[in-house]
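One chain, chain A, links the two complexes that follow: it is found with chain B in the first and with chain C in the second.
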Partner chain A sequence: MIVADKKPIEEIIDMVKGYQKILIAGCNECVTVCEAGGKKEVGVLASALRMYFMNEGKKIEVDEITLERQCDHEYLEEMRNSIDQYDAVVSLACGVGVQFMAEKYFGTPVYPGVNTCFMGVTEERGVWSERCQGCGQCILGKTAGICPISRCAKRLLNGPCGGSTQGKCEISKDLDCAWQLIIDRLKELDRLDEYEEIAPIKDWSTERAGGPRRVVREDVRQ
Partner chain B sequence: MSAKTPSRLEKILDSGQLAVTSECGPPRGSDPEAITKKAEMIKDHVDAINITDNQTSVTRLSSLASCIHLKLMGLEPTLQMVVRDRNRIALQSDILGAASFDIHNILCLSGDHQVFGDSSQGQNVFDLDSMQLIQTVRLMRDEGKFLGGDDIKRPPKMFVGAAANPFADPFEIRVPRLAKKIAAGVEFIQTQCIYNLDKFELWMKQARDRGLHEKVYILAGVTPFKSAGMAKYMKNRVPGMDVPDEVVKRMAGVSKENQPEEGVNICVETIQRLKECEGVRGFHIMAIEWEEKVPEIVERSGLYPRPKDL
Partner chain C sequence: MRLRYPDTIRIIRVPCTGKVDLIHILRAFEKGADGVYVVGCMEGDCRFDNGNLRARKRVAQAQAILDKVGVGGERVKMFNLSSGEGPRFAEYAVEMTEKIEEMGPNPIKIAMQKAA
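Entry: the complex of A and B
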């Protein structure tokens, strides 16, 4: 999933304090799972904003909605008839949802209510960690199912570096060394000899380096 | 192994004599004397001088510019180059820049993560890794080609080195990793500072068991401790460093004013023991901001005078 983290309420207040009627829009997908922008968080943020503005003596109306997804036309269209009632929207979707909302409702200011962090997993409730950076050319088949691009601080394709210490990365004792994990698993799979194959220089053109990306699938296109 | 470049370091190693290299860290400013003074202190006692490349990710005068200062003094520099800060365009461009000044040694490194330095909020690059940088220099030198496939006019003639850390984890892949660097085309290795001699000798034995000591020149890395505090710091705070307790105890066991001498003693003893270790072809003395001690270490270790007229 796409993992996001809540923005500090002060930052959100600062963005919306000049409006009279605002909509908090949640998303029922990734940000719900990572407890940053689902229906529950929409309710909590809306209540906090109402309370704040009431205490400030400001008459600002705060409404709530949570869409099934904010990255699809179909669900964003559900707001078509009501969007004009609002001076601004705070989207608690990831940056993808915020932008798609802004593209669709061109004349309505849309503000981000979360910081979009990475593509990752729930390690345990309250702890999420990165697993993929969407490089566009997956090499997991060569690296025992552990991605050195997203999990090694230096993105080394031929690691580990000299800073790997007792299974941990040189930048933090809280971070596993990706190459230690790769080697452990190669051993488990009885494939440690593959370690000595030199990974070739990567073509980064399918990654961020190549500019904004698109996937066009003629077979499913209508 | 026979010499393929005009590198003096390569010729010395090729002749079978123990080589001695050292290194200078460039200043955090633009005064060239900060480099040339350090080089003056050590120039008669070493065969080549590494210039570090923004080590520990602290911004400094560039490695390439510093190497040029050494060339202008008639000395032999080894250009350290990390892949942290440069993409493949900049790496190849700087290699050509160095080659244009006839800099004949390069050390291919990944580089410390930027989080350790003065620019922890900066981007890193890591377009290539150190293994792939070795391949790149060899391609440029041996085939006269850029990574993009075009021909290079007057290709670089560089003796290609890399680092090896026998003490990082996991230990079991430290020799396979050396083998991998050799397969990538590395010709000399400078190791991480050695304090745990037993572990280093085990690593060397495993390297010899695979015949790797005959495929690459290994220079054993040493760093004299200036104080017991430095020993403790290196033990506890520097990633990938293995300082046994008894070494820290030995440093702490002498009075503060005698600690620098004890640090040099340990360094000299390390070199003397490792001279007997088969496969060690020389020493890389990293006297961090203590360059004035290099001549004494070299002399006391029986590595002086250095070869002339090769």
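Entry: the complex of A and C
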């Protein structure tokens, strides 16, 4: 999933304080799972904003909605008939959702209510960590299912580097060395001989370095 | 055992304090409550393992938000006691009431009255 973190309330207040009628829009998918932008967080933010503005003596209306997803036309379309009532929207979806909303409702200001962080997993409730950087050429088959692009601080393809100490990365003793994990798992799978193969230079043009990306699938396109 | 506790308190019964969500606490303030306190079982004694620990976290979240919106985080508090401690229940009620009286009314309530 896409992992996001809550923005401080004061930052959100600052973005919307000039408007009269605001919509807080949540998303039922990734940001619900990472407890940053689902229906519950929408309710909490809306309540906090209402109290803040009421306390300031300002008459500001704050409404709530949570869409199934904000990265697909069909769900965003559900707001078509009501969007004009609002002076601004705070989207609690990831940056993808915020942007798609802004593209679709061109005349309505849309503000981000979360900080979008990475693609990752829930290690335990309250702890999320990165697993993939969408490099566009997945090499997990060669690396025992552990991604050195997202999990090695230097993105080494033939690791580890000299900073790997007792299984930890040199940038932090709380961070596992991805290459240690790869070697341990290759050993476990009895495939350590594959570690001897030198990985060729990676084609980074499919990664962000190649500019904004698209996937076009003529086989499913309409 | 007949115990007296301040009659300004409205008790909302829940099956376990783990049922108390952050939004329930916030809504109470939005509607004008001057204070909210959550009374759970002793930590480690939850029948559902960690209901009261979750409640404690939510109370802390509510405190942080209420501080930021100008209502005052001290208006929310978590207490723990065991089911046999009736007198302590009454003591907590008095403690919370005194605290809230000292803080005065919820500023949201005052703002709502002004706006009306």
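Definition applied: the second predicted complex is superposed on the first by the 222 of 222 C-alpha atoms of A that agree within 3 Å, B and C clash if a C-alpha of one lies under 4 Å from a C-alpha of the other, contacts with A are read in each partner's own complex, and residues count from 1 in each chain.
The rule is short, and it goes like this: a residue touches a chain if its C-beta (ideal position, glycine included) is under 8 Å from a C-beta of that chain, and two chains touch if they have at least 3 such contacts.
Everything numeric in this text was worked out from a predicted model, so none of it was measured.
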Handout entry: Three-chain arrangement built on chain A, chain B and chain C clash or fit
Key = fit
Exercise for the section: Considering only the touch criterion stated at the top, classify A:Thr206 as touching first (chain B), second (chain C), both, or neither. Expected result: neither
Practice task
Identify the partner contact of A:Ser82: answer first if only chain B is touched, second if only chain C is, both if each is, neither if none is.
Solution key: neither
Exercise for the section: Could you tell me if A:Val44 is touching chain B, chain C, both of them or neither one (first, second, both, neither)? Expected result: second
Practice task
Answer with first, second, both or neither: which of chain B and chain C does A:Gln137 touch in the superposed model?
Solution key: neither
Problem - First, second, both or neither for A:Ser164, with chain B first and chain C second - result: first
Exercise for the section: Pick one for A:Ala153: touches chain B only (first), chain C only (second), both, or neither. Expected result: first
Completion exercise
With chain A at the vertex, the Cα centres of chain B and chain C span an angle in degrees (to nearest 10) of 120
Practice task
Check whether A:Glu10 is in contact with chain B, with chain C, with both or with neither, and answer first, second, both or neither.
Solution key: second
Practice task
Please determine whether it is chain B or chain C that touches the greater number of chain A residues.
Solution key: B
Problem - After superposition on chain A, the shortest CA separation from chain B to chain C (Å) - result: 29
Exercise for the section: Mind listing the chain A positions that touch chain B in their complex? Expected result: 153-167, 170-171, 177, 180, 183-184, 192, 195-196, 198-201, 204
Handout entry: Touching residues (chain side chain C, partner chain A) in the complex
Key = 21-23, 26-27, 29-30, 65-66, 68-71, 107-108, 111-112, 114-115
Problem - Touch list for chain B against partner chain A, complex - result: 84, 88, 110-113, 115-116, 124, 126-132, 135-136, 147, 163-165, 168-170, 172-173, 176, 179-180, 183-184, 192, 239-240
Handout entry: Contacting residues of chain A [partner chain C, same complex]
Key = 9-10, 40, 43-44, 47-52, 54-57, 59
